[in-house]
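Pasting in a structure now, in structure tokens, and then I'll have a few things to ask.
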Amino acid sequence: MKYLVRMNVSLPRDLAEDDRQELVAREKQYSQQLQREGKWPQIWRVVGQYANYSIFEVGTHDELHQILQGLPLFPFMDIEVTPLAAHPSDIKS
Amino acid sequence: MKYLVRMNVSLPRDLAEDDRQELVAREKQYSQQLQREGKWPQIWRVVGQYANYSIFEVGTHDELHQILQGLPLFPFMDIEVTPLAAHPSDIKS
Amino acid sequence: MKYLVRMNVSLPRDLAEDDRQELVAREKQYSQQLQREGKWPQIWRVVGQYANYSIFEVGTHDELHQILQGLPLFPFMDIEVTPLAAHPSDIKS
Amino acid sequence: MKYLVRMNVSLPRDLAEDDRQELVAREKQYSQQLQREGKWPQIWRVVGQYANYSIFEVGTHDELHQILQGLPLFPFMDIEVTPLAAHPSDIKS
Amino acid sequence: MKYLVRMNVSLPRDLAEDDRQELVAREKQYSQQLQREGKWPQIWRVVGQYANYSIFEVGTHDELHQILQGLPLFPFMDIEVTPLAAHPSDIKS
Amino acid sequence: MKYLVRMNVSLPRDLAEDDRQELVAREKQYSQQLQREGKWPQIWRVVGQYANYSIFEVGTHDELHQILQGLPLFPFMDIEVTPLAAHPSDIKS
Amino acid sequence: MKYLVRMNVSLPRDLAEDDRQELVAREKQYSQQLQREGKWPQIWRVVGQYANYSIFEVGTHDELHQILQGLPLFPFMDIEVTPLAAHPSDIKS
Amino acid sequence: MKYLVRMNVSLPRDLAEDDRQELVAREKQYSQQLQREGKWPQIWRVVGQYANYSIFEVGTHDELHQILQGLPLFPFMDIEVTPLAAHPSDIKS
Amino acid sequence: MKYLVRMNVSLPRDLAEDDRQELVAREKQYSQQLQREGKWPQIWRVVGQYANYSIFEVGTHDELHQILQGLPLFPFMDIEVTPLAAHPSDIKS
Amino acid sequence: MKYLVRMNVSLPRDLAEDDRQELVAREKQYSQQLQREGKWPQIWRVVGQYANYSIFEVGTHDELHQILQGLPLFPFMDIEVTPLAAHPSDIKS
């Protein structure tokens, strides 16, 4: 099942530069592992914003919540989830 | 270049059933032609709504506007366009 | 999987009284059939509004969309869907 | 009487980890005690958010306010309450 | 139990003048009967708008919904309901 | 003249407990004095929120502003004021 | 007492041109009579919109509501009222 | 003086095709005359919408309002006006 | 040319009392100087809020921006500007 | 391709005056370099706000995002991007 997810990131200004870099590196690693597993097939940057739109493909709501809650940047994110169904005009379905 | 596009459809209630079916059929044909050309690579239904989220991949803003304005359902749609950039964590980029 | 669904109904004023009654009767029958199947386990009226909050329990997003799109009142509804996960404090999970 | 309650939690970043754990543990205990008493019959996690939707079943508005105000996480919550009535299509009523 | 209720009225322009007057007269009668019974103790006009704020005092959510749904102007109203509890500073409680 | 006033309170987290208690005690005293004078005839708690809806009855806008600005919690409040007129259906007018 | 009032006008498209002109002429006459009486001391057009911001100076909320409700364009207006108090920096007060 | 103006157009569905074409042709002529006079130096289509963002350069608010009110499509437009000042980083100022 | 300006003030809680008083005193002086020059002809307090609505009368957008940017409280204000034109019903124009 | 970009700036109050000046100076230099290259052809101040509306003209979404993300004030900005297409009434196209 697919979900459109929008993540807006807001890092606190007093985060030490080292901590920031380490956090962002862990986030990248975490995201890429899920991309390789096919659970996070697409991710795009929203132009002009520290935000992304992503497609997730997982088996259950619980699985998606576990993934999102585990994001290293989760405490600094504002996340919106939209469930997606097949579209009758989609040539791939 | 990629764009996330959300289309909300609101058909007028006094549209004759034949006109409605003909309109929806033309919309489907128009969409599928663009999907085959690779300009409208993805389309999903928003669960519970007469709406879709789509990814468009075209060369210019003008080209996207021409495509959207040409949609048979365009007069009955409310459309939002978000430009998308490559994300630094994307394993495909 | 569970979803919280809010449906706001707005019937057109020029709907003939017979049509309105027939529509509402079909809606009730449709809803109760799904309640009996366990797919629509809960439904409440929002106080003071022609609206309801419901819990749906189905296997996939596609199944939920088919159910909602099939509602006799669907053309007159504004629907919002929120996917729900298990809560760590829930004594039943 | 039933109420749909949405709670959004926003813990301050400078909360010590021990305090946070103790607070969350007390919240869980408080919630589960009310679940066992039948006053908080349902609780679900909103996917992707530190938030829940819950059903409360209590005798009066005052009783509900006392319960919510007593939540260990109350000072860090943003709460919305919607009163629910019986729905005429509900097969259980 | 008390509820703050806001009602916004929007009468359709093509309502015949006789129908409008008859409707408004029935609404007044209905409201005043409930005021006399003590269930609708207060009603104020919002300055500059065809709207009112009211206090209702009834035993249950279901009772309030039955009252509001029975308003002759209900099909032309947009209603918001806020449950009210006793305030610790209230000298009357 | 009557006004519906909504006050949302948001106390800063680093307020010392003694200061908080002293502030809330002064607020209560201030409110009750105005209730006794008949200028603040009604106050209700919004269920689930650190907020109240109140009715004020004063002679002028200036008088109301002086009263509200003098609230001990004023610096921590977000206040909305709605002027109320007599309603033609009110049995008391 | 002073009030800032914003009026947005939305005339129905099927209003006959004669009716429209007669309505607008009556509105102008009504407004100018109140301006001469000093109750509607200021009126400005919002640039680019069929809307105005006005200052009203009347004795009570009820008087203002009677004035606004009596506007020939009242059924086609959306009105917002903000009560104004004296400002401590005002050199005229 | 410069203003950023956004115009959203919403043509009624029952407008005869001839009337629509004549209206749009007059709008174009009106706009181009003002562009040639230097009062409407820039106009862009908002991608995916029947809307434009424009820059106007005129001497007074009154002049801008006369221009906008005179647009053939004015009755079918929703217009927002933002006054613009020189920016200290602008290399042209 | 006239502008309606709304200023919402939000002073930081950790501002020293002396600094606050000095700031407010300078704001008052600055405002009254402009009132005497006829550029800030009207200022009213929004009832219940640390906010004002003002009328400004200046020659250009740039002049208004310089005035507003120079307000001692500018860093703590949220400001909205609405350009005003003459109204055809205004007896003074 | 053109984009309308709105940037709202919100500098933290505890930024040292030297740091603030250095940051603003770098922002100006960065902006003016892009203006000279023709990529940022227009910039205006929003009257009364620490905000600007700008036109950008670049080859791709990615290029625009790199430019915006590189703004010295980027961490303190809230940015909205609207893609613009040619307008059929534009005399320059």
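Order of writing sets the labels: A, B, C, D, E, F, G, H, I and J. Residues in every chain begin at 1.
Heads up, the rule we're going with is that contacts are C-beta pairs under 8 Å (C-beta built on N, C-alpha and C of every residue); 3 or more make two chains touch, one makes a residue touch a chain.
This is a predicted model, so every value here is computed, not measured.
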Chain whose average C-alpha position is farthest from subunit C's own: I
Rounded Å distance between subunit A and subunit G, as computed from the means of their C-alpha atoms: 50
Whole-Å separation of chain centres (CA-atom averages), subunit C against subunit F: 40
Centroid distance [mean C-alpha coordinates] between subunit I and subunit H, Å: 29
Multi-chain contact sites of subunit E, meaning residues that touch two or more partners: 2-3, 45, 47, 61, 64-65, 81, 83-86
Touching chain combinations (by label order): A-B, A-C, A-D, A-J, B-C, B-H, B-J, C-D, C-E, D-E, D-F, E-F, E-G, F-G, F-I, G-H, G-I, H-I, H-J, I-J
Touching residues on subunit B, where the partner in the complex is subunit J: 1-3, 60-62, 64-65, 81, 83-86
Of all residues in subunit A, those that touch subunit D in their complex: 3, 5, 12, 61, 64-65, 68, 75, 79-81
Subunit C partner contacts - residues on subunit D that touch it in the complex: 2, 4, 27-28, 31-32, 35-36, 42-47, 52-53, 82-91
Complex contact set, residues of subunit F against subunit D: 13, 45, 47-49
